[in-house]
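Each structure below is given as structure tokens.
Both of the next two complexes hold chain A, though its partner changes from chain B to chain C.
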Partner chain A sequence: MNSPTSEFVHTTIELDMSWRYASGDEMERFLNGIAQRLIEAIRCPQCGRRYLPPRPFCGRCRVRMTEWVPVADTGTLVAWTVVHLPIIDGRTGEPRPFPYGMGLIQLDGADTALNHYMATADPELLTIGARVQAVWRDELEGAMDDIMHFEVMP
Partner chain B sequence: MVPPDERSRALVSVLGTAETKVTFEDPRSIPEMVLAVVEAALEDAALGWHDIDAVVTASVDLFDGLTASSIAVTEVVGAVMKPETRIAADGLAAAVHAVHQIMAGAYRRILVVAHGKASMAPYWDLTAWAMDPIFLQPLGVNFLTFAGLQAAMLARHDPHAVSRWATTAALRRSAATGGIAGPISVDRVMASPVVASPLRAGMCAPVGDGACAVILGDPNIGDRNLGEEDVRIAGIGHDVGPHHLMIGELTDWAGLRRASQRAYTLAGVTKPTFAIVEPSCLFPHEEELFVEAVGIGTTAPHSPGGGLFAGTAPVISGLSRLLRVVRALKGRTGERGLAHGTWGPAGQGQVVVVAETP
Partner chain C sequence: MTSKMTPETTPETTSRAMTPVAIIGSGQTNHAKERSDVSQPELVREAVDAALQDAEILPEDIDAVIFSNMELFEGRAFPELWVAEGAYGNGKPVFKVATGGTSGTSACIAGFHQAGSGIFDTVLVVGFEKHSEGHTQTGMALVDPFWDRSVASGALGNFALSISQYVSEYMAGRGVTEEHAAQVAVKARRNAANNPHAHLQMPDLTVDEVLASRMLAEPLHLLDMCPQSDGAAAIVVASRDTARKRGKAAAWVHGAATRHDQPYLGDLDRRLVTTRAQRSAAASAYAQAGITKPLRDLDVAEIYEPATYAELAWYEALGFCEDGQAGRLIDDGITQMDGELPVNPSGGVLSTNPVGASGVIRVVEASTQLLGRAERRQVDGARTALATGYGVYAWSDVIVLRSEMP
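== the complex of A and B ==
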């Protein structure tokens, strides 16, 4: 056993792997919609909650959900934070510039809140309750970052 | 004091406890750290390897950088050719699983072990990988982001919230004798860098390396080390919140309320008053959510040793809270304590244990 004062021996292991996730029927439809600038939520037939992103079952009622409802790409900023720590960008594997704004957004027509980047990291420009609008990429791939971020509406 | 008509509801007995001193970087390997606490817990319980019927370990592959992270400790926990279960959640959830196994009559004595080493890789970055891979990982959301959003919602209509949280953080750090980060003043908390607004670095409990072990036993087997002063677990409860965060759910630990009610029902608790309360809160605003959810009242003292602000490690927090409750109650008569653990973003997983002395 090492003593508490022994030298550290570090072993660095680098992995370069990728996964091919099966998205499931609901997420497939959702992402296909995103590729056409269409956001859809799925509604529970029992409690009526409109879930975004879609899940096959309502966790509260445990019933299958099959009814789709359109959701706007505008909404209300429910919460925001400005993050000052570097993070690894999940899409590129590279460090993401910081600080950056992160919002919790209730899109018009949904009952759940959606996490996404905010266009600004200036706290003076972010207010809970503010109206926000999605900013889309020009070329859409059917992924969540087809929406680059949300910006506060004038 | 526990009212006389509420006593003797013991589910299991706590036979032994041990933990490493949490440090920012423990030079030992995970098996070395775990072996140290296992041997110390056995010694505390006056038991040997052969007295242990089964093992429950708590670890998270993502944090350990291993697949099947329990395999790294199979030998040192004595799980070879014994029934072992691994829980990928907070260590207190592993203790609850062990309670279930003993209550079912499957085993008499179970070793529960949790370990975590935040020094191995950037902890907050890793938590981003705990999120849904299709929807949330591309957005870089991690547990710290959720904590910042949660704090922002709580502070929205409360202009004194941030200064109050700074005071709480300073209070906890000052109460933490031998804490890994040392005491800090309110002014220094407020001057510390913003990490996820409105949270500042000084408002975050320091996360490092640690291991913890607890040995649980059937209270009816007449164990040689069981005495009248021994601590028993009288109530357990846990809860997993919804995947989707509905509006308002970030600002209410409803899952903890459900978990604590389950524990109170089992323990026969009619009024939640405790000699010691040990929440697992990494941020001061979580303490306020905790106090409301478990119903102890806003003025009830808790975290006498500074709570997690003394220093904690991934996965061990809840089990180490149980250890502190057990040590505080040991030797006292008719007292009750509450230990709490949580896992996931913004407290989506919650677990509560009510312990008492006869």
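== the complex of A and C ==
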């Protein structure tokens, strides 16, 4: 046992890491669509649920999905928050400037909701049920952040 | 959801009541922001020795070891490799469970199944986490690299999103207010002051102080959230025959269920309100244990509440009250130490959260209550206890323990 006065040696390690992930067919098609400002959901042949993000299987019905349906870049805000902390952005490894608004958006034509940033960080402007629209980057790269954030429609 | 064709039902798993098993001993470390006085194996050893001593058994009496841990939170690859000797695992079957916040309760359930299987007589379940040495936020940031990695980093924003839906229902006769949530924070930290193991002990905390604490993500204040702690906890599970032969008091497992649900936050309509996985797990565990009126049938509950609002949502999901009545339950003091069903006498996850250990701590606390060894946090005469786990927003565990053998 160590006496209460003993000093422990701590070691500090710094590490840069990178990852490379395969998308799978469904996400590949979805991202190819995003590169052309086209959002598509995948539909379950059994329950009819239109899934975003698209994925191979409906978890509820346990069946393979193959049918694609178009989804608008407008939708309804179904949840919101304003974050007041420096949370790490998992794509860059850097903390995002705060405060920033976040929302769960149910896009018109989809049955699941998308979590994304909101253009405003003013809680007064964010209400569940608000109509929202995607704000796209000028140069599209086929990634989710081609949509920079959503803004509340006037 | 909006589509008429999409039923809000989960494919149900039928669960049979398992062969009876008992928790014959338990132990935990003192939990703190940083346990820099010990290494990871030493932290584990501390909890394991406490559990073995409580069970009055020796390391050689253990047939198998199950670890609960989230490895990115530790800063080491396969932490169970480095700490297994701390749990006397050499030469024995050693397994690991890692399902976020449910890791600990799921590891306990795995231990129940193993001891009930007839293959092992005595199983040691150990949960541990040393957040101070790992990168919890980095671990939480490694979500779907294509879909929501930028947005979903950290648990906080996602909790807040779910909670905004719960709060929004208040005007419609459901949901809760900031004040209801603040009362949960006060109850937890005051209860923790009676628990020498707890990380955050705040005997004088008030609702006003919770509401005045820093806003982290609307509507979550700093004091609405759990801390990150270093700590470990362990239980010893024995088969029916082994437990009976001892002729000593034990906490018997009467019901246990675990459920998984769809992965993405937006997959479920109003996830915190509908709490599909937890309702399903509770229905199964209650049926196994013959619980029909939880508020009446349970004497004490140790539930996994990473945020104040979650505890209120669980009141409804676990059937402590009708949907929409959670605010009244906390207002009326029903879940206080002197109420009809004390919830989290230990101070809960809101006061102590070494993630891999937190679920095991729920079970340690519940069984300690049944053995009458909870000292200043003891609920008098507790004979039926509930322990739950909650993982990310996709896993739920519900466990019912009694002092009597099934």
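General remarks:
In this text, the second predicted complex is superposed on the first by the 144 of 154 C-alpha atoms of A that agree within 3 Å, B and C clash if a C-alpha of one lies under 4 Å from a C-alpha of the other, contacts with A are read in each partner's own complex, and residues count from 1 in each chain.
Note that contacts are C-beta pairs under 8 Å (C-beta built on N, C-alpha and C of every residue); 3 or more make two chains touch, one makes a residue touch a chain.
What you see is a predicted model, and the numbers here were worked out from it, not measured in a lab.
When both complexes are superposed on chain A, chain B and chain C end up clashing with one another. By the touch criterion defined above, A:50 reaches chain C but does not reach chain B. Of the two partner chains, both chain B and chain C are touched by A:87. Shared-chain residue A:73: touches no atom of chain B or chain C.
When the two structures are aligned on the shared chain, A:128 is found in touch with chain B and with chain C. When the two complexes are overlaid on their common chain A, residue A:151 makes contact with neither chain B nor chain C. When the shared chain is aligned, chain C comes close enough to touch A:62, but chain B does not.
The residues of chain A shared by its contacts with chain B and with chain C are 2, 8, 19, 21, 23, 27, 31, 49, 51-53, 59-60, 78-85, 87-91, 96, 102, 104, 106, 111-113, 115-117, 123, 128, 143-145. Across the complex, chain A meets chain C through its residues 2, 8, 10, 19, 21, 23, 27, 31, 47-53, 59-60, 62, 78-85, 87-92, 96, 102-104, 106, 111-117, 123, 128, 143-145. Taken together, the chain C residues at the contact with chain A in this complex read 1-3, 5-7, 9-11, 36-37, 137-138, 141-154, 156-158, 160-165, 168, 214-220, 262-267, 269-270. Within the complex, the chain A residues that touch chain B are 1-2, 4-6, 8, 13, 19, 21, 23, 27, 31, 49, 51-53, 55, 59-60, 78-85, 87-91, 96, 99, 102, 104, 106, 111-113, 115-117, 123, 128, 143-145. In the complex of the two chains, the chain B residues touching chain A come out as 25, 27-29, 32, 35, 65, 124-125, 128, 132-142, 144-145, 148-153, 156, 193-199, 242-247, 250.
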